[in-house]
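Input: structures, listed below.
Next come two complexes built around chain A: one with chain B, the other with chain C.
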Partner chain A sequence: MHAKSLRPYLYILPAFVFLFFFTYYPAGFAFYRSFFHWNTSFIQPEFAGLYNYRQLLQSRRFWQVVTNTVVYSFSFIAASVLLALFLATQIDRVKRGGSLYKAAFFYPTMIPMAAAAMIWMFMYLPDYGLINYYLRRLGFSSVGWLNDRSIALFSVTMVGIWKYTGYYMILFLAGLRNVPDELIDAAHIEGANGRQRLLKISLPLISSHLFFILIIAIINALEAVDQIYIMTQGGPSNSTNLIVYFIYQNGFRFWDMGLASALTALLVVSLLLIVSTLFLTLGRKVYYEV
Partner chain B sequence: MKFERYVWLSYVLLTLLAVLMVVPLVFMFTTSVKTLGDILSLQFRWVPREFTVENFTRVLQIMPFARYLYNTASIVAMTFLVQSITISLAAYAFARLRFKGRDLLFFLFLVQLMIPATSIIIPNYQTIRTLGILNRRLAVGIVYFASAYGTFLMRQAFRAVPRDLEDTAKIDGCNGPRVIRHVLLPLTKPSLIAFAFVSGTFHWNNFFWPLLVTDTVRARTLTVGLAMLTQATESTPEITITMAAAVMITAPLFMLFIVFQKPFIESFAGAGALKG
Partner chain C sequence: MKKKLLLACLILVLAVSTGWTRGGAEEPTGTVYLRFYYPVGVAGDHARIMEEMVRDFNASQDDVFVEAIFSGGYRETMERAQTAFLSGNAPEVAVLDAPATFDLIEMGAIAPVDDYIEAEGGDAYISRFLSGFMEIARLDGQTWSIPFQRSTPLFYYNKDHFRAAGLDPDSPPRTWDDVYSYSQTLAEHFGPDHWPVQVPINFWLLKPIVLQAGGQLESDDGRSVAIDTPEMREAFDYLNGLVRRGYMAPIRQWAPSVSDFIAGNVTMLYNSTGSLTHIENSSDFEVGTAFLPVHRRQVVIEGGGNFFIFNTDQRRQQAAWKFITWMTNAENAARWSIRSGYVAVREDSYDLPLYREHVERTPNAITAFHQLQQVEIERNFMTYQQAQLAELLNEMKEDILGGADVDTTLREAQRAADAILARFQR
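Our next item is the complex of A and B:
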């Protein structure tokens, strides 16, 4: 009898072991280590209280990274989610070529971000780049897409939008497929125009998809790092340094694991706070089909 | 019945945007078969002045491509194999068994979705080092051996299977794991294949974690090899060679995508099942 009541837990155990050692434990461990001096010169980590956090709060670099990450996240999320919704509604309308359009927008999901970043880096090159070539032909002067500190973050954001929009579009299309045609037709007969049909019928019906896509986009925004590593290394003058790259810099370039742990703890807490807040507020309002 | 006006406008907008989206892909292909002289002429041509495959042979000289390909393929396969075991066992418990703390445990699983592996590279690196598996392929995969997404997907799939089928199997003397293997999994193959597509794509393309835990040819993946390539060529990054390498590391997955376009896209759309 006793063995039987343990049985369900045995099924969960293998997955749980990996979850524990590579998700929960590291999150907790980063939090714990954030209270220590911990770098290569300290053989044994030494308790430091809030030292690492004080270091961060006083550092201009840290605040610049926070600002960059917030700006990147908002512009990336707004642009990719709205564009994805737009594309999905348009593809939903057309009768022919749907799968061709889908492939054209979705294929970046198949391209590794590392390769995508290389491609874009070369398209952004000041002299030999494709984009400046056309700008010059149109009579504009060349732009330092990745060299100009006031533009670099924008250039990096474009890569993220290009890479993820198609994926979000596919998720929106899955939602739109569940909206019954009769409902749309009925609204049409009642005289609702295209915008009303989208805002009053389709959108509320796919609100659970919209909510879910928003959550994925937030996570995708905050974990962005591949393109930074390849394209800019956080520069010029820190203008494209995002939170995960900053963690990497402190941990693996400056070997200050204590500071990197404090940053990790802040990132994990932010992720949990943002997602759970959304679940408790917006999440309760969205429509779930049964 | 869709009696829309201005559908032509949708076609125009979609075509325009689709062309823009495809530009980077065409740029990659065309640059990969150009000569460096063509690039340096400052005249951008969509069709190369002269075609060359030399960039590809150069990549094969500079980069141990076959080894990276082998590493990547085995990491993808290993990760999926272990995942398919952990997720189907857990999914079975969550779908079919009743036990104390089930909802809490399920919630704990979902927390993994909010803490992507990329956000906890520092502590995970320490764990990998402590385990003594730095620079091994296992280090790249092990972090992903449990998948909340996969567990959720398979739980949904198992729930849709009628219980009678399992009961018959149990009367015939099948225990839980055998029921999963011989009854549930064959019936939920589409879901497992969908997960294989999503997991495989993620791990084929994964970059930052493999970059951190590998530092020799022994365990490096294709994406890491690509990044090393530009660091190896100290001079101005050789655009043509790098793009040839990008074509080579992208090609296997991309061809798979072209052949299985529909199931591929459907698999990713399946992530929508996570809502609710």
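Our next item is the complex of A and C:
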């Protein structure tokens, strides 16, 4: 082969080596180990067949975690993406101070999730937290934001929405800025109202952004763990335990690496399925020529 | 993004690969370097005190140099130590929650200390430690750890609130029934938005309540747990009753419960002796301490962290022992107790003038010691897979106090506990 044609492969190589050792090899290793007993009683892993998977599928906790994760993901994705789109369309129309609003809404993105979770934890404190303080002053009774199992998942979802909406909004804005003004003006003249201009002109034109944001949001939803670790540790009554935290809990707290590996394998496979399904369906309809 | 998602398996491989880096290098002579993991399990500036003491130890001699590594709470420290051990990179010495002993032995992580005790003088040496704290360290005729930051649950109360409500600040409740009647008085005086009593979610506070009802929680060999029992029901009758009558918030976690007490939102608090110094320093009211209110049996459990020596080599284990004996000599046990609020683990600490003065200055400091002497003591909740079972008990408590059906919850928890312990049945 000609030396010149080898060059791009050489340039890719270092990055690929890192990617291999830190992404694909561990993923493969976890998959392999998921078929082993590997815990405090089996310091040396021992082949276990499908034992870990059977354990999981039979465990009530596992299904509770799956339900929590699905509920969290759907509400997080729907709320943050729609809110981001709404904010972006409004800020896009702002005549003055647009960058001020952009900075203001983007701000939570820059705070590390761990720090943000601490802030929210203080706001959520039951007896003298900020939110309950004002609720009481307005004459309502206190809410157990993180102590009531019917509300706690909602409370941690709020933190995720608060954290990521600004980021998605900026991405939407970038798309909206590329929508040619002539098209909007033309639609205006033709008598299209605001909703029609958004749904028929802007949205189709930024569908590549929408698709990208959707993928990112799915990943953000499934990898949520920082705020769980800091705010609730999966409680109360396991009601805020999400899949990544559950992996950590089984792997490092209970030191059952076999079980944790099986969970990791399930997570990776389902994520791949979801993302590839999206690419093969919605991805085909995306318009890339803005 | 994907990288972050695969965090768990990434750490898996890191754990394995760090094992390779540890070669069979020749042992150098001279100073032995030790890594020492320690937790801070209660509110307060314990990490600073610990660093100070380790610095003093290092300055006191040249044979051993200890690096003190703060590792989070008990849980995090245990996670870190296990992971490090299993990847072949264990610390030489650590303070860990004593009930981790079964799991540490199961993994082959720790070395028994009997030979070192023998060399130190055997019984003459070890009998200076409070006997109530030694039980949990001894299993199958061997000693696996040395007590360090030991505690008992303690009953804290706000004397100013007692006075305001017309209760005698010098006679705290002694029984479960007292807790009810005191709570009623406090509730009538303070009205809504105030909690007369708080028992935060923690298995460590659940076990004594079960024992006080006349029950048992786990078997001595740590291989079975009795959850679905009449005594457990009685314990929950007590706790549930407090919640249903509005005397206690259903679910409060361990650390925030201390802040609630300091802020004056709670009048009577179940917590650890380890929180004493922090509570006394941070409260702007007069703090009272008492034994845990009892029921059928006058009993309480012990708790807290012990020194463990990890399986390394003779030279390092010997050095770790040297460090441990220094940290737990009479003066240092007293010093740690005075600064932290933990119970001094040695009887001879209590004879030191330093300690006598301390007790005179802060009479609350001696309550836990008296409790240890005047009330029956049982060991902390200790089983195999202790972290997992502790979590199960906490969750069960959250379920029930959150309103779930007691019978169903206990039955399911029992089944889950049996499943966790299935592989340990002989």
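General remarks:
As a working rule, the second predicted complex is superposed on the first by the 281 of 290 C-alpha atoms of A that agree within 3 Å, B and C clash if a C-alpha of one lies under 4 Å from a C-alpha of the other, contacts with A are read in each partner's own complex, and residues count from 1 in each chain.
Heads up, the rule we're going with is that contacts are C-beta pairs under 8 Å (C-beta built on N, C-alpha and C of every residue); 3 or more make two chains touch, one makes a residue touch a chain.
Owing to the predicted nature of the structure, the values given are computational and were not obtained by experimental measurement.
Contacts of A:A114 after superposition: chain B is touched, whereas chain C is not reached. After overlaying the two complexes on the shared chain, residue contacts for A:I247 are found with chain B and with chain C alike. In the superposed model, A:P8 makes contact with chain B only, not with chain C.
In the superposed pair of complexes, A:G235 makes contact with chain C only, with no contact to chain B.
When the shared chain is aligned, chain C comes close enough to touch A:W255, but chain B does not. In the superposition on chain A, contact of A:P126 is made with chain C only, not with chain B. Shared-chain residue A:V268: touches chain B and chain C both. In the superposition on chain A, no contact is made by A:V179 with either chain B or chain C.
In the superposed pair of complexes, A:R149 makes contact with chain C only, with no contact to chain B. Touched residues of chain A were counted for both chain B and chain C, and B has more of them. In the three-chain superposition model, chain A touches both chain B and chain C at residues 21-23, 25-27, 29-30, 33, 125, 127-128, 216, 219, 222-223, 225, 244, 247-248, 251-252, 257, 260-261, 264, 267-268, 271. Of all residues in chain C, only 1-13, 16, 75, 79, 82-83, 86, 103, 106-108, 193, 195, 201, 249-253, 256, 260, 263, 265, 384-385, 387-388, 391, 394-395, 398-399, 402, 404, 412, 416, 423-424 touch chain A in the complex they form. The touching residues of chain A, counted against chain C in their complex, run 21-23, 25-27, 29-30, 33, 40-41, 43, 60-61, 125-128, 136, 142, 144, 147-149, 216, 219, 222-223, 225, 235-238, 244, 247-249, 251-255, 257, 260-261, 263-264, 267-268, 271. Residues of chain A that touch chain B in their complex: 5, 7-9, 11-12, 14-19, 21-27, 29-30, 33, 87, 90-91, 93-95, 97, 99-116, 118-120, 122-123, 125, 127-128, 130, 133-134, 162, 166-167, 170-171, 173-175, 181, 184-185, 188, 194, 208-209, 211-212, 216, 219, 222-223, 225-226, 229-230, 244, 247-248, 251-252, 257, 260-261, 264, 267-268, 271-272, 275-276, 288.
Of all the residues in chain B, the ones that touch chain A in their complex are 1-4, 7, 10-11, 13-14, 17-18, 21-25, 27-28, 31, 39-40, 42, 44, 85-87, 89-90, 92-94, 97-99, 102, 105, 108-109, 111-127, 142-148, 151, 176, 201, 204-208, 211-212, 222-224, 226-227, 230, 237, 239, 242-243, 246, 249-250, 253-254, 257, 261-262, 264-265, 268-272, 274-276.
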